[in-house]
Amino acid sequence: MVNLEVKLKDLILKNPVMTASGTFGYGEEFEDFIDISQLGGILVKGTTRHHREGNPYPRMAETPSGMLNAVGLQNKGVEYFCDNIYPRINHYNTNILVNVSGSVIEDYVETAAMINELDKIPAIELNISCPNVKEGGMAFGTSCSSAASVVREVRKVYKKHLMVKLSPNVTDITEIAKAVEAEGADSVSLINTLLGMAIDSETRKPLLSTVTGGLSGPCVKPVALRMVWQVFNAVNIPIVGLGGIMNAKDAIEFILAGASAIQIGTANFIDPQITVKVVEGIKEYMIRHQVENVTDLIGAIKTQ
Amino acid sequence: MKKLVQDFEVLHKEELNDGTFVIDVKASAPLPDIKPGQFVNVLVENTANTFLRRPLSIHFVDYEKNIIKLYIKKIGEGTAKLGELLLGDKLNIVFPLGNQYSIPKNSKTLLIGGGCGVAPLLYLAKHLKDAGNEVTTILGVRSAYDAVELDPYKQYGRIFVTTEDGSIGEKGYPTQHSVLNEKFDYTFTCGPEPMMKAVAAYSKSKNIPCEVSLENTMACGFGACLCCVTDTKRGNICTCTEGPVFNINELKW
Amino acid sequence: MVNLEVKLKDLILKNPVMTASGTFGYGEEFEDFIDISQLGGILVKGTTRHHREGNPYPRMAETPSGMLNAVGLQNKGVEYFCDNIYPRINHYNTNILVNVSGSVIEDYVETAAMINELDKIPAIELNISCPNVKEGGMAFGTSCSSAASVVREVRKVYKKHLMVKLSPNVTDITEIAKAVEAEGADSVSLINTLLGMAIDSETRKPLLSTVTGGLSGPCVKPVALRMVWQVFNAVNIPIVGLGGIMNAKDAIEFILAGASAIQIGTANFIDPQITVKVVEGIKEYMIRHQVENVTDLIGAIKTQ
Amino acid sequence: MKKLVQDFEVLHKEELNDGTFVIDVKASAPLPDIKPGQFVNVLVENTANTFLRRPLSIHFVDYEKNIIKLYIKKIGEGTAKLGELLLGDKLNIVFPLGNQYSIPKNSKTLLIGGGCGVAPLLYLAKHLKDAGNEVTTILGVRSAYDAVELDPYKQYGRIFVTTEDGSIGEKGYPTQHSVLNEKFDYTFTCGPEPMMKAVAAYSKSKNIPCEVSLENTMACGFGACLCCVTDTKRGNICTCTEGPVFNINELKW
């Protein structure tokens, strides 16, 4: 009776619930807990042109209603992904999106081009917002011109759905969103992590090997919601909202603020079944509020 | 081994000393096969500051009663809250997680634990004995007050204690205990890193295999976040899936 | 035995603990709870050239480990402050700082000039970072040139200690900090609130009359700490750190990250005695760690 | 009146129905003078999501026993947690806060409460009676199930009930009760805004003074944050210091 399907342009999701890159492994880590085919899509780990070791331990610190991470895009590189991981996971009956990260534009372009060849990957999420790598990463996402140029170049080689993941560590996120829209991004996802830091007052040392790291979890939700709403009012491409979603209520809030779909990140660590619970919760909300299509809720916040 | 997320019920709680306690939690469904060295990740509810789950070693398993025992040292808000659980309370647990200690056969095994590092050793001792090994356990603590729960080890072999203040057992660190003059075939250890490193050094000097259990901070506990890595000869690998038990040869110690 | 005194250039604080503007009224609201003379200083309410009614109710929403506010600088204007409030509070045996806000540069200048005449006010905090007013406010704090120009003009008329309060809603806070330092700011305080938003999924309405508001409380601490540390490595003037300080441990973290003094905001609502408890807690920490002067802790984080 | 922040002890708890309860909290020091209409701001500990204090009206004061009574309706995590408090638990409270209802003399007073809005009315009824007034209270609820705690009002005057389903008392809203045909000198109300507005309209039509108690969301409760304002004829003023009780003439209703 209720219709949960959403379209991000050409990309059809059976429901608006996806997973956030870097928090859901390659999906396999969750097979014991949930039926992955019940999700709208999964975003696999940040993938780079070459193998990356990531940052040294410690990489994580708990913070009030959240956590900092400094994983630093540890992954075996796009070739390994295509040859070894893709064949293992391409049977999933859901959209598999690869989160593409890089340090220089060519890396993004080459990685995207390789993933363009993978039949069962209908979209990539271009990560121009990772705060945990020294070169590149977030730097691309914090100026309009560099964000535009990486999207422009990737757009030339990547023919399917191109989602661009925005950084919240900017003065005006709408400027960046408009810049990537102008270069042909099919959708934007936001937010990546906020740059933060934690210190152990007893040892007087930072809690992360990299000193600063990326903040995620419910603590960032108010900022993420605000940015989704701002971007909703600034661009015409669909928005994927994320940042601190812990339950269906949070997911609905993002949709009301303007997100066509949402991603769940940190919450997966606390409840590995949370994604399917959120799908259920959205259904219940729609029944209770007599909403037929979940698309009727997108941006439906009443600000008078 | 399929990982599960389940509500357990607190069935029994025993304070060993001021800051240490054992809780028995009962599963609602029959327990799967659990290996020594594996751990659980528990959700600490009703606190302002524990956002993530807390990893805890599996101290013992009673398949008949469907019970897992957890041995917990209070060090912060999460573990303190676990200490306040009442009988009948629910505890949400993700388990069983991680790899396991190796179980040799018919060998002379030495187990060394310090602080809450003894947690996985009891269940390990049982498995070692079941496989026909001779089990010697040394527990290193600060003073007699902390030398708790020694009896259960006796059913699997010998148990010795070292205390820093000499108030019970031999004075000093566990790696200084006189029983180390005997010849062992394997060492297994869990506890503070300096102690484990000393055990590793001892084992290397004697040229015997040594397995340590790391307690890296974790966000997920099942391989999804890559936060818990340790630097090994194969690069950064996850403590929660490829550990927590490592042969010291894999580590850069 | 332990020495808690800190100097912000010429401004001497008997200890590093101050209160954050807008969270401590005029101090009077706390007289029942604490002895105000035990604090290093108090920052009174945001004061503007003219009377302001502030924003309509609702102005507040609770968020995970924090709150959003949209007070919008409700105050009776600087003349009323000078004539009616100042005489009531100038006997406090601590530093009273006035937080000066405005919509246009002249407002800042005129307000600062009037406060310059008040004997017992040794410093102002220039608020170029309030996210809750439509015109001005945060806009000044989010670009180097506008931040610089407001500081330049105020510097001409304000002869005492000029502290400038920075907005965290920027791509690079060090740029702004350097810009205001170059114009003669004596110190910087950071952070003001992060721009956020909250929605009631049941009513589908925003929880604030202004839709967006300012996020404060422990949820913002990781971001605030990171910014203090970044600014500490970028400027030579003293830094006043704030954002989510709930206890002495948090305060020590800010000092280790580079703050010479700290401010306590939202925590005052939850424990009206928290400020004096933090002073005590810092003392205890120093005794336990055998630190003689609190100044020895400033920026003393060990990042190798 | 000096405001205090103090730990109270939970001395007694009574469930009135599924979602409503009264707790008695005992102060450690003699209580100051508390006026009807004032409120407390309580710290809800041991929850993940209650960051700010929760304001609650003072339902009754027993100076002899040093007890404040709170009448609480569970609507979210904070009030639910208060419902789980055990006898002997500590509750940290900032009090007494806010202004007070006016106390006329020798008049015919009408008190109208709906939902948890009855909370401040009991203590008000006592003060009104003590000042020689005749007290009539109407409680408006959904159905008989919610018509709890009527007896205490009887010692101060008459108590009537209206229910939406007519299961007890008169069917309808409190402003439709037949006793309103009598002539009153003052009305006092607390409850959902639509109900209070109806009471205000009734009072205006009869040309009698009416005082309402607002429940604006609050961050501090003592005038420091300016979050709790209500729009009055004098502009935005704080509900927590200049309210929660307002004469309807002050409001823009």
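Chains: A, B, C and D, in written order; residue numbering restarts at 1 for each.
In the analysis below, a contact is a pair of C-beta atoms (placed from the backbone, for glycine too) under 8 Å apart; a residue touches a chain by one contact, two chains touch by 3 or more.
Fair warning: this is a prediction, and the values are worked out from it, not measured in the lab.
**Q** Quick one: which chains contact chain C and chain D both?
**A** Of all the chains present, none is in contact with both chain C and chain D.
**Q** Common contacts of chain A and chain C?
**A** Touching chain A as well as chain C, we find no chain at all.
**Q** Centroid of chain B to centroid of chain C, CA atoms only: how many Å?
**A** 47
**Q** Taking each chain's centre as the mean of its CA atoms, how far is chain A from chain B in angstrom?
**A** Here chain A and chain B have centroids separated by 36 Å.
**Q** In whole angstrom, what separates the CA-based centres of chain B and chain D?
**A** 54
**Q** Out of chain D, which residues touch more than one other chain, so two or more?
**A** Correct list: 48, 51.
**Q** Could you list the positions in chain C whose residues touch two or more of the other chains?
**A** Residues 63-66, 217 of chain C touch two or more partner chains.
**Q** Please classify the inter-chain touch graph. Allowed labels: line, ring, star, complete, other.
**A** Shape = ring; chains linked end to end, path closes on itself.
**Q** How do the chains pair up in terms of touching? List each pair.
**A** A-B, A-C, B-D, C-D
**Q** Going by the contact rule at the top, pick out the chain D residues touching chain B in the complex.
**A** 45-48, 51
**Q** Report the residues of chain A in contact with chain C in the complex, numbered from low to high.
**A** Result: residues 63-66, 68, 142-143, 169-172, 194-199, 201, 203-206, 211-212, 215, 217-223, 225-226, 229, 244, 249, 252-253, 256-257, 285, 300-303 of chain A touch chain C.
**Q** Mind listing the chain A positions that touch chain B in their complex?
**A** Of all residues in chain A, those touching chain B are 22-25, 29-30, 32-33, 45, 53-54, 56-67, 69, 71, 74, 217-218, 266, 268-273.
**Q** Could you list, by residue number, the parts of chain B that touch chain A in their complex?
**A** 2-5, 43, 49-53, 94, 216-231, 235-236
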